[in-house]
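Mind looking over this structure? Questions follow.
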Amino acid sequence: MWTIIHKMGSPPWFFRFSGTLVRWLLPITIALLLVGAVWGLLVAPPDFRQGNSYRIIYIHVPAAVVALAGYYVMALAGAVSLIWRIKMADITMRAAAPVGAVLTAIALVTGAIWGKPTWGAWWVWDARITSMLILFFLYLGVVALFEAYENKTAAARACAVLSLVGTVNIPIIYKSVDWWYSLHQPASLKLTGESAIDSSMLYPLLLMILAFYCLFALTVLLNMRAELVWAHRESSWLKQLAGGA
Amino acid sequence: MYFESLSAMWHMDGHGIYVWLAYALTAIPLALTVWLPIKRIRQHWRWLEAEQRRVAPAASRTVNEAGV
Amino acid sequence: MTLLQASQVGIERGDRQLLIEVSFSVRGGEIWQLVGANGVGKTSLLRALAGLARLGVAGDIQRHASVLYLGHASALKLSLSALDNLRCHPACDVTASQERIASALEKVSLAGYEDRPVGALSAGQQRRVALARLLLSEAPLWLLDEPFTALDAAGCDWLEARIREHVEAGGATVFTSHQPSRFGALQQDLDLTQYVA
Amino acid sequence: MTLLQASQVGIERGDRQLLIEVSFSVRGGEIWQLVGANGVGKTSLLRALAGLARLGVAGDIQRHASVLYLGHASALKLSLSALDNLRCHPACDVTASQERIASALEKVSLAGYEDRPVGALSAGQQRRVALARLLLSEAPLWLLDEPFTALDAAGCDWLEARIREHVEAGGATVFTSHQPSRFGALQQDLDLTQYVA
Amino acid sequence: MLPDSPLLSLHAAFTRQFVRHMRSLMASPADVANPLLFFFMVVTLFPLGLGPDPDRLATIAPGILWVVALLASLMVSAKLFASDFEDGSLEQLALAPYPLAVLVLAEVAAHWLTTGFLLALVSPLFAIMLGLPEQGLSTLVASLLFGTLCLTLIGAVGSALTVSIRRGGLLLSLLIIPLNVPVLIFGTTAVTEAVIGGNPESWLALLAGLALGSLALTPLAIGAALRVSLDS
Amino acid sequence: MLPDSPLLSLHAAFTRQFVRHMRSLMASPADVANPLLFFFMVVTLFPLGLGPDPDRLATIAPGILWVVALLASLMVSAKLFASDFEDGSLEQLALAPYPLAVLVLAEVAAHWLTTGFLLALVSPLFAIMLGLPEQGLSTLVASLLFGTLCLTLIGAVGSALTVSIRRGGLLLSLLIIPLNVPVLIFGTTAVTEAVIGGNPESWLALLAGLALGSLALTPLAIGAALRVSLDS
């Protein structure tokens, strides 16, 4: 166990390993996304209540689910980097933030687009939607803080502190938004609840969720590799790789 | 295939505009999040190779180890 | 007695390696002047010695005594008077009575300016307020970044005398300055040019 | 040709009269150094000469030429590069091409630092960026407040040479400094101690 | 030595100053995005504070959007001349051989373009989130365009007056909030009229008039105030 | 030479730091009054923006008061460590032979006393202006007391993270507004419950818990963030 963690902490090893991983992940992700999208868009039957607009679910839900998971990945990496000072951890954190922000934005935008035909409004202040919006701000905060620092080592430290503070807060934020929503008890709206979803619609959804997880892993790895190449441009192992020794 | 024709697929009983818009607004940023780091890696890699060529002009080119 | 020990210190700023393998040790009674052209890394090294900079600092720095650091910024609140500024210094190393502070201010020729907001003093006078701390702190190791800046001739002489006094009492001083050596045989120069990466 | 004429100038700051009846005139080809202890009023007088301070300034100050003023603060935007800082200087007196600015920066030994944010330069390097303006401006009358501060020996020499060149071309310089006179017979000292109120 | 005269035309000096400021603003795109984000986030605070009921939110939306725009403009104008004052740029501006009012107008223009103007352009997004009826959107944009121009100019006067005062930020709010009240009233009334199908044009015209008036008068006031600040 | 050990107890160091900060805040009483005035003026903007209908104002009063309190705290925390950073005090703090977290807590405490605490005390005045029913007043004060403490501590984390960044003011809002959401929700809910005769105590207890939690955890984060800022 420890040896694996130590290996992961070693840039040369990670660089090689992630190179292999990326070469496999890239085609797999693209294939999964294409199959899932075609299945969801063209093959699956329409929902009996919402008609065809429900097809947005195949991007909306995966984006939302992965965005949520992404914050925990980021915060965990931040904690590891702060406590154990493992450099790879803060590179992970930094690589995850923009991807998470994009996925959150996608969940928000597709949700808004879905809302128009379904509720007749682009936006409502539902508990889950509001939490998602706040998550978006949290992601943006990490990205913006990182960009604002000129010294990137310091930037990584600062982001680690921020994402940790954010993580401690996330359960509180979620709970409070839930209470807020249930207290005000809006009469008019209701998200499609736990309606039993037909398996003909479920399989493409599960496929897309898997595809988005792969996509998340892929983009995080790519961002990390970009970061590594630049950070270690002076070190011999990378020069050797580049020089073709 | 659920739809009978291309235009039915495009129209989706009036919801087409929403569905296609949503997919487009997803596809573009996702493509960018994959493409931008790849571009950056390639740039950095080219810089590194140039640097190596300056240091050791004799070294021959090899496979693209950038991984993408 | 060794007050400060730097071994193989390397300094990196903004992705550029400035200095490598700086090693020296400062003992009680010594005066060290960091010399080198603009931008060589004097301030960066001094901050590393004080423990303010850690990112980008390689090697090992050991401090065996408490430190009085005086940087470019003087840590003065411009809206407070000189008295108040010294009484509640943020480093908490000034623990003197009102009278002792007033007499320190007198020694730096600021008698009569004790109660004015520091913001209404001239550049040199503000510097003098900051330097009054040298009379009030107990720290044995002084790290001073361009302490002679903005002082007139009398001020420079006073500062020189104060540093001599301090090292005679067993303290040590590391300072930067672009002016020629003031302490003659008493001082040692650390020319950073030779450590440039 | 008289570039600046001060007659019976009195300076008051914060309800206290600092200087009275300062009279002198600066002509093309002259170098004036304002001398005096810390707090005597050098900066205040220089700002009055530049026209920046008016309240509390008595007497008559006439400027017959455009002025280049360089104060303690260097008017640099720390987030901009040296090039950008000089290209769009707020005083609008720098009207040079990219190449001329780059070559001016080279002359102040900042080649290679043109495109870095000025905030990531050392104290002396920032000062040099500000001083590069002396190579780009056309103003005949230079008013410089402690221009030698933070510069290393080479920088001071460069500045000295630049001022000599300027006055040889018919310009004039009034500056303050606590360092001993650098220009020998070429310079005139205005000792403010004799005008203290 | 070259002839001792201003080397640039007034117009060129204005442009130069404008470019300088734009460049320094653009040096970090985050700075441009920040006021928009601030607007966005503060708008989201209101549903959290007031409850999610869409009908109630829709009725108060014009007021909330306008108050938040005013606050956003307040927060950014607090900084308008602060860095120029601290780093000595203001001294240099005052010594330049051009009217201070013109140079300052260039800075304010650059500032408005990157804050108020952008804010007006993206405001429909936030309006939709608060459920503002769609017929109010175009009026909202127009009113914010004129309105933020007034707010920025008035904010600049306040900033110029308080720039030499340490911790002047909040004092500034006190000085300029009362001056901004007419802008706020005209702006919200215009939007409300548009929503209920009334006549927003006359209110928009009033706002445009205010903007023109400020454009003509405030630069002089700003210049004078800056000179006072430098001299203290 | 005297013995080389901290000469003050931790407690004395805390007190000294607290006094220093209080003194510098008190050096201009206007600075203390400013956040209150800001609160006052922004609260008056709402009737102007939303129309003067008293019933409507009363129902939204808790939300508005709380949102404005949050904004006021945001504006003041932006400055919390700014001047300490610029004038070098922060370097000296970091070199002091005491835990940075303790010294920083002293500053934050002084800061809160002169802003949040005072604001909570005078808030009934503004509440009455907005027509908040009287049974809500005591809960408002209590909720603001706990709430502003949280807001100040969270604001201090944000301020510490952004202090070395030029023009960090608005970035700060981005960082801390999301973290402040629970405080806002608990606060407004407590006041609303009190007004409708419900059960505000549990919400107040939640707020108090948040305040205690922040008091225990944020000083460490602030200290760590300040060291990063100094080191950048």
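Lettered A, B, C, D, E and F in written order, each chain numbered from 1.
The rule is simple: a contact is a pair of C-beta atoms (placed from the backbone, for glycine too) under 8 Å apart; a residue touches a chain by one contact, two chains touch by 3 or more.
Since this is a predicted model, take the numbers as computed values, not measurements.
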Starting at subunit D, figure out the least number of steps needed to reach subunit F through touching chains.
1
Contact tally winner between D-E and A-E is D-E
With chain centres defined as mean CA positions, report which chain is farthest from subunit E.
C
Taking each chain's centre as its mean C-alpha position, how far apart are subunit B and subunit D in Å?
55
Using mean C-alpha positions as chain centres, tell me how far subunit A is from subunit F in Å, no decimals.
32
Approximately how many whole Å separate the CA-defined centres of subunit A and subunit B?
18
Numbers and ranges of subunit D residues touching at least 2 other chains
72, 78-79, 117, 119-120
Going by the contact rule already set, what residues in subunit E reach two or more other chains?
28, 30, 34, 37, 41, 48, 51, 83, 166
Per the contact definition, I'd like the list of subunit F residues that touch subunit C in the complex.
1-2, 4, 6-8, 13, 16-17, 19-20, 23-24, 27-28, 83-84, 86-98, 103, 227, 230-232
List the residues on subunit C that touch subunit D in their complex, please.
13-14, 36-39, 43, 72, 109, 116, 120-125, 127-128, 146, 149-156, 178-179
Sort out for me which residues of subunit D touch subunit E in the complex.
50-55, 65-67, 69, 71-80, 84, 87-93, 95, 117, 138-140, 169-171
Where on subunit A does subunit C make contact in their complex?
150-151, 153-154, 157
What part of subunit B is in contact with subunit A in the complex they form?
1-3, 9, 12-16, 18-19, 21-23, 25-26, 29-30, 33-34, 37-38, 40-41, 44-45, 47-49, 51-52, 55-56, 59-63, 65-68
